[in-house]
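All chains are identified by letter, namely A, B, C and D, in their written order; residue positions are counted from 1 within each chain.
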Amino acid sequence: MIRISSILALGALLLVGCNSGASNETSTSTTPSSTESGAKLKVVFIPKNTGNPYFKPLGAGIEEASKELGFDYQEQGPATGDATSQLPIIKDQIQRKVDVIILAANSPDALNEVLDDAKAKGIVVVTVDSDLEKNESHRDVGVMATDTSKIGPAQIELLGREMNYEGEFAILSATTDSPNQNAWIAHMMTTLKDPKYSKMKLVETVYGNDEPQKSSTEMEALMTKHPNLKGVLSPTSVGLAAAAQVLENSGMYPGGKKAANGGIHLTGLSTPNQLKKFVANGVITAFQLWSPKDMGSLAAYLGTAAKSKKIELKSGTEVDGPKGTKVKLNDKGVVFAGDLVTFDKANIDKFDF
Amino acid sequence: MKGKREIGLLVVLVVLIAACSFAKPIFLDPRNINSILLWMPLLLVAAVGQFPVIVARGIDISTGSIVGLSAISVGLLVKASPTIPVPMLFIAGGMVGLILGCLNGLIIAFGKVPAVVATIGTLTAFRGLTFVVSKGDQIDSTAIPQSLTSLANQGINIGNVTISWLLFIGFVLAILAFFASNRLQFYRNIFAFGSNPDAAFLRGISPKTVELICYCASGSLAGVAGTMYLARFGFANPGSAGQGFELIVIAAVAIGGVKITGGSGSIVGVFLGCALLSCINVALTVLGIDADWQLLVYGATILIALIIDSVSQRRKATA
Amino acid sequence: MKRPELIPAILTILVVAFFWKISPDFRDVNYLLANTTIFAETGLLAIGLTLIIISGNIDLSVGSSLVLTSCLVAKFTNDGTPIFVSVLMALIIGTLLGTINGLLITVGKLPSFLVTLATMALYRGAAQAMMGPASAKVPQPLKGIDRSDFHGLPYPFIIFVICALIVGLILHRMILGRWLFGIGTNKEAAHYTGFPVNRATISAFAITGFLIGISALLMDSRLGVARHDLAKGIELDAITIVVAGGTAIAGGKGTMIGTVLSWLLIYFVKTGMGVNNLKAEYQLTIIGIILVLSVFSQQIADRFSTNRQRKTTKIEAR
Amino acid sequence: MQATGKIELRKLDIQPLVRVEKLNVVLGGNSILKDIDFALCPGQIHAITGENGAGKSTLAKVLAGIYQPYSGEIFLDEKSVVIRSPGEAIRHGIALIHQEPLIFPDLNVAENVFVGRMPKKANMVDHREAIRRTTEILQRLGVGIEAESEVGNLSIAQQQMVELATAMSEDAKVWIFDETTASLTSKEVGELFTIIRALRDQGCAVAMVTHHLNEVFEIADTVTVLRDGTKVAERKIVDLDHDQLVNLMVGRDISQDHLSRSGLDKVEGFLEVKNLTGPGFHNVSFSVGKTEIVGIAGLVGAGRTEVARALFGITQPTSGSIKARGEPLQIRSPKQAQRAGFALVPEDRQKHGLFPSLNIGFNTSANILEESSKASWISERRLDSRSTEILDSFKTVFSGLKQQVRYLSGGNQQKTIIARWLLGNPDFLILDEPTRGVDVGARREVHQALRAQAEAGKALMVISSDLSELLTLTDRIYVMKGGTIVGEMKSKDATEESVMALAFGGGSE
């Protein structure tokens, strides 16, 4: 009985499939375009994963823009930051006929195919924070933090100033295959060739996989392996927070109980809320980040403009940004959201994200 | 007969440490030893909880999610009332774990759902709950009081080696579990149940009670491990806190010589299993193994440890 | 209740009816079909795991094997291996990885849970060691199988159905299937009865490996790239499908149709939740609850059928 | 026999320790026990007997709190009680000794004895005290087992003693033995009976569930006979003889004739074993001919099962030779043994024979999968028809091939397994305890089927602890002791006494 009914059910699915094959073309062309009917645009933001504090202000930026520009806004993130966890979500958004997808890509290339589908349906794809490195053609525009070529030097300069431009230091990164991290580290390497930094020696680059446990162990190992270590640079917030906790525990931060020859200076990239405690108690002197919120609203402005005004986004195009600004796409189709902000004791309490 | 397996494990541990320190003398540097000692407490506490479950022929795969949910809940609690005394935080973590473990126990003992299935189900369900409870927000370091995080850096100093209070708590719990497993009637009932469940029932041991309490114990110790997580890392993210931890815990218990089919094993073995895994994990970093090769080496080491154990067990059986 | 797979079947109908009613985006057969392409890969793993779980074993390494196979194939194809050869290679590598698991379990006499826990790290570790941070691009001729269809049916879906059919026949109509049921029910008795316990167990793992090979090709073809960090956690999805489909985790009981129906159920639930933008955390919780509830309801159904069987015997015996 | 008068007195004077009134038990919708009245008095051994499925064990299990009555009352010392769980039964002083020893293989003897109620010091388990008290009890029982040894490493008889020690430690007043002798040798049975008599003399009430009639006559004072869940009789042993008891049990006459081979004494040889040595046996030589049933007698642990396992490729002999049909054989696995035309019906049905949760068809046809399939493709119809045919020829009672085999009675399960092996049409059939736990009627049917196989030209080897089985069924008997063969005799010349004399042996080997 059940066997029969289940075979019937499967058969029905197959049958419907065969019938619908013929109507494929019509369904594509009838994809409603909200712009024509004058309805509100549908914008969806897909962060790398839910619960990631960095994407909160970014989402807030988009939400703020939604009030200014009057579009429907939703956030839908995957539970984990795996390479393909965003893929089914993008498929769902295509089916939901959204107009703009703002995506913080988990993978520079695993989403290529599905993003092409989205673009084919007339959806504007804006990447934020993490671009599709070397696969830029699969999205319309990228809104990136700050010029990658500026982040590397700025970080080195920040650490250099703290450690007096001399001594050994190490980098604690996220994963070996994170494009942003690798781009920044590459720029750091070039920066180090500047004679100004000639006395700074990068002893090792290690990877904490953005896991607290692994990052802590790597940080502890760095301190064991390099007794003369004077600085650690962690351009990822999980790594930086874990490293700060390890440093606090060890008391080897500048001014700490066990600090030898000036202690270990720690800096990197993070949202301010995650590190307020360590700035207050002196474990970290200063660290940097751009404004994710500005990035969010800029992405929203670009995406909606491209959709409603039918602007073709290509290098050199000028678009209206938030608050009457004008931004111009560079040769990779990327817009930078703004400069790095350096957070320290003096200003950190003014920020809340 | 008893204890031989533990001695074998101890030998493996010593050989591993010797090999590592031969390859990299700093492996024996006090700082590195501290790093290993900091790896242990969470693992040890969760493994001591997993132990009775496996002895009773079950398995608790939801451990990682319980650690996460407990860490987040305790974080929310301490955020709401920062003056709460530290022991209360451990009790709170234990309570959260107890409730979750109890739920597992009810599903398994009364719902008759196989343990693997039930806890795979709650692994995802509890992780989902963690997001719901935290509204997706991370517990930032600012919220965690110094009095809690200092448990990871202060403790009993022996030269430059520090037995952190966290590890101390872990030791105390393990020693309590050691005595309980030998001297408590109820704990002996767990062994009897694991050795022969039908016979245990006929001897008046209630299988439902045994299973329920095993999962409650596993849950509450995972909950305590959740508070330890906060103390050790100073923050907790609903997505990453405890993620994948269950497999490390189960591996530690299995390497510790606890029969995966139930009925036999010892807390001493579990302790050595935890020590071995902690050493391996720290060794991967300190020996400077290329980041891309670490997972491979880790997998190979576990496999080799299992094979060595199985071969030595068979030798003993034929001898 | 005689057939436990009735439960996923009924649930599937309810779920489809529910989403069909509340969600206009779900009410689109083309979409429902096209979306199976992602899920077909998980389904293939579930088909293999059905054999393994029926034989009283478990394989936690399926996701890692999948990744290792897909990386190897993509890399070699990229280096100029002809497509035909790389397809063959995927199947061989997958089968080989499964066979290694099987050998460790049978010849090494180790519990499958522990062996595959270790190879889960080992296989993914091997993929990472080989690939490093890079990803391998899949060349054009191998790409895009998920967007080609046969009268509206996407090929991955067809492949899944065909594989389920073939493996289902192996399980329910061929000797190997009987061996696996016997081994899963009582390994000792199977040995005494002259069942080739080791060979059959290895075969179950090898077949799963073969299916993993197919799955790896589908994944390569769909994504166009292969990386070491893909398909994380897919093993739990696959096990969830198998177990919710009425296969007993302790072995000796289960059907292929149950796995297929459960695959449909979880597919529709996930698609329905996704297209309605249900938050990821609620999705997780719901899937967990579905797993526990479906197994729980099967237990209850089982108890009823047990009573009935006892009764029949007694009556006939008089 | 001279004790009869005393018993009579006791029965008059003393009120029962346990009594059940109008007991009804329903399991899975079936009425298993109907309106049973039953009492156990102190200082009395009360046998409960009946065919398999008559409800003997169920009655025992109700008293032990394993099953709950549907209706009826249980009185302890004439006070009405409800026994909700095995634990409560233990607390009431009721001990049930099971057919299969109920042990915890991973725990030591002392922990087995005191499981769930270890002696305590300040609420903590006191292992030393447990070991001391266990040693004491073991000494009282007169068995030489170390209290600290792991029970998984003990023999079945020793494990049985551990179970007795457990009940002893519970200070049980009511002792119920459920087919306890099934896995014991006669010597061990003798020792057990000594203990049981001692218990009776201390004023305990003893119930013996058994279908061995000679045991009933040997030890019991009173017997209750059950048939199909109802009590058909309660008699004093002195008022009964063997045939009357059998009639009460089965409700029909069963003849006891010898089943030995008709025809010539000379047989064509089939199997020739020379100086075989392996795990658990050494220098074993014997032969089995076509049309012949050869019995292997001996105590449990004498190496009988071990020889069978080696012949079937489950263990490997270290030296010696096996020849079948005149050709030397190397057997490394059951598969190879099967190819050589061997078959083994194993001793432990549950562990090595049955696929309990699979259906009867699967269980019956498990051996002919390959020959009944084309290119690995199973012809279910062919398997089913052959299974039905052979099961019917054994008068197996079942509701359909799709029924799970675990719901069959022990006798029908055993028939299923014998059927499985006969379907494979072996030339040489080894049966290890073929009728253990099988009731009188079914046993007869099994014996007839085996004899028919021999008549059809097969060679059979039967290992049994039941001497009457060996004497009635076989043509020749080898006796094993201490891992080797100590004697051989023709069945028609043998008596139980002569076989036992060899099995126990006088002097050293």
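Note that in this section a contact is a pair of C-beta atoms (placed from the backbone, for glycine too) under 8 Å apart; a residue touches a chain by one contact, two chains touch by 3 or more.
Keep in mind that this is a model prediction, so the values were computed, not measured.
S.K.: Listed by label, which chains are in contact with chain A and with chain C?
M.R.: Under the touch definition, chain A and chain C have B as mutual neighbours.
S.K.: Following contacts chain by chain, what is the lowest number of steps it takes to reach chain B starting at chain A?
M.R.: 1
S.K.: If you average the CA coordinates per chain, which chain's centre is most distant from that of chain D?
M.R.: So the farthest one, by centre of C-alpha atoms, is A.
S.K.: Looking at B-C and C-D, which pair shares more C-beta contacts?
M.R.: B-C
S.K.: When the C-alpha atoms of chain A and chain D are each averaged to a single point, how far apart are the two points in Å?
M.R.: 72
S.K.: Counting in whole Å, what is the centre-to-centre distance of chain B and chain C, each centre being its mean C-alpha position?
M.R.: Chain centres of chain B and chain C, defined by C-alpha means, are spaced 30 Å apart.
S.K.: How many angstrom lie between the centres of chain B and chain D, each centre taken as the mean Cα position?
M.R.: 45
S.K.: Mind pulling the chain B residues that touch 2 or more other chains?
M.R.: Residues 127-128, 131, 136, 292.
S.K.: Would you mind listing the residues of chain A that make contact with two or more other chains?
M.R.: 50, 79-80, 176
S.K.: Strictly by the criterion at the top, what is the full list of touching chain pairs?
M.R.: A-B, A-C, B-C, B-D, C-D
S.K.: Of all residues in chain B, which touch chain D in the complex?
M.R.: Interface residues on the chain B side: 1, 179, 182-185, 188-189, 191-192, 194-196, 198-206, 259, 263-264.
S.K.: Over in the complex, which chain A residues touch chain B? Could you list them?
M.R.: Per the stated touch rule, the residues are 49-53, 56, 79-81, 176, 204, 206-207, 210-213, 216-218, 220-221, 223-225, 238, 241-242, 244-245, 248-251, 273-278, 281.
S.K.: Name, in rising order, each residue of chain D that touches chain C in their complex.
M.R.: By the definition above, chain D touches chain C via 27-30, 53, 312, 314, 333-335, 337-338, 344, 346, 351-358, 362, 366-367, 369-370, 373, 376-378, 380, 397-400, 403-404, 407-409, 420.
S.K.: Please give the residue numbers of chain C that touch chain B in the complex, ascending.
M.R.: 58, 104, 108-111, 113-115, 117-126, 128-129, 131-133, 236, 239-240, 243, 248-250, 279-289, 291-292, 295-296, 299
S.K.: Any idea which chain C residues touch chain D in the complex?
M.R.: 173-176, 178-179, 181-182, 185-186, 188-196, 252-253, 306-307, 309-317
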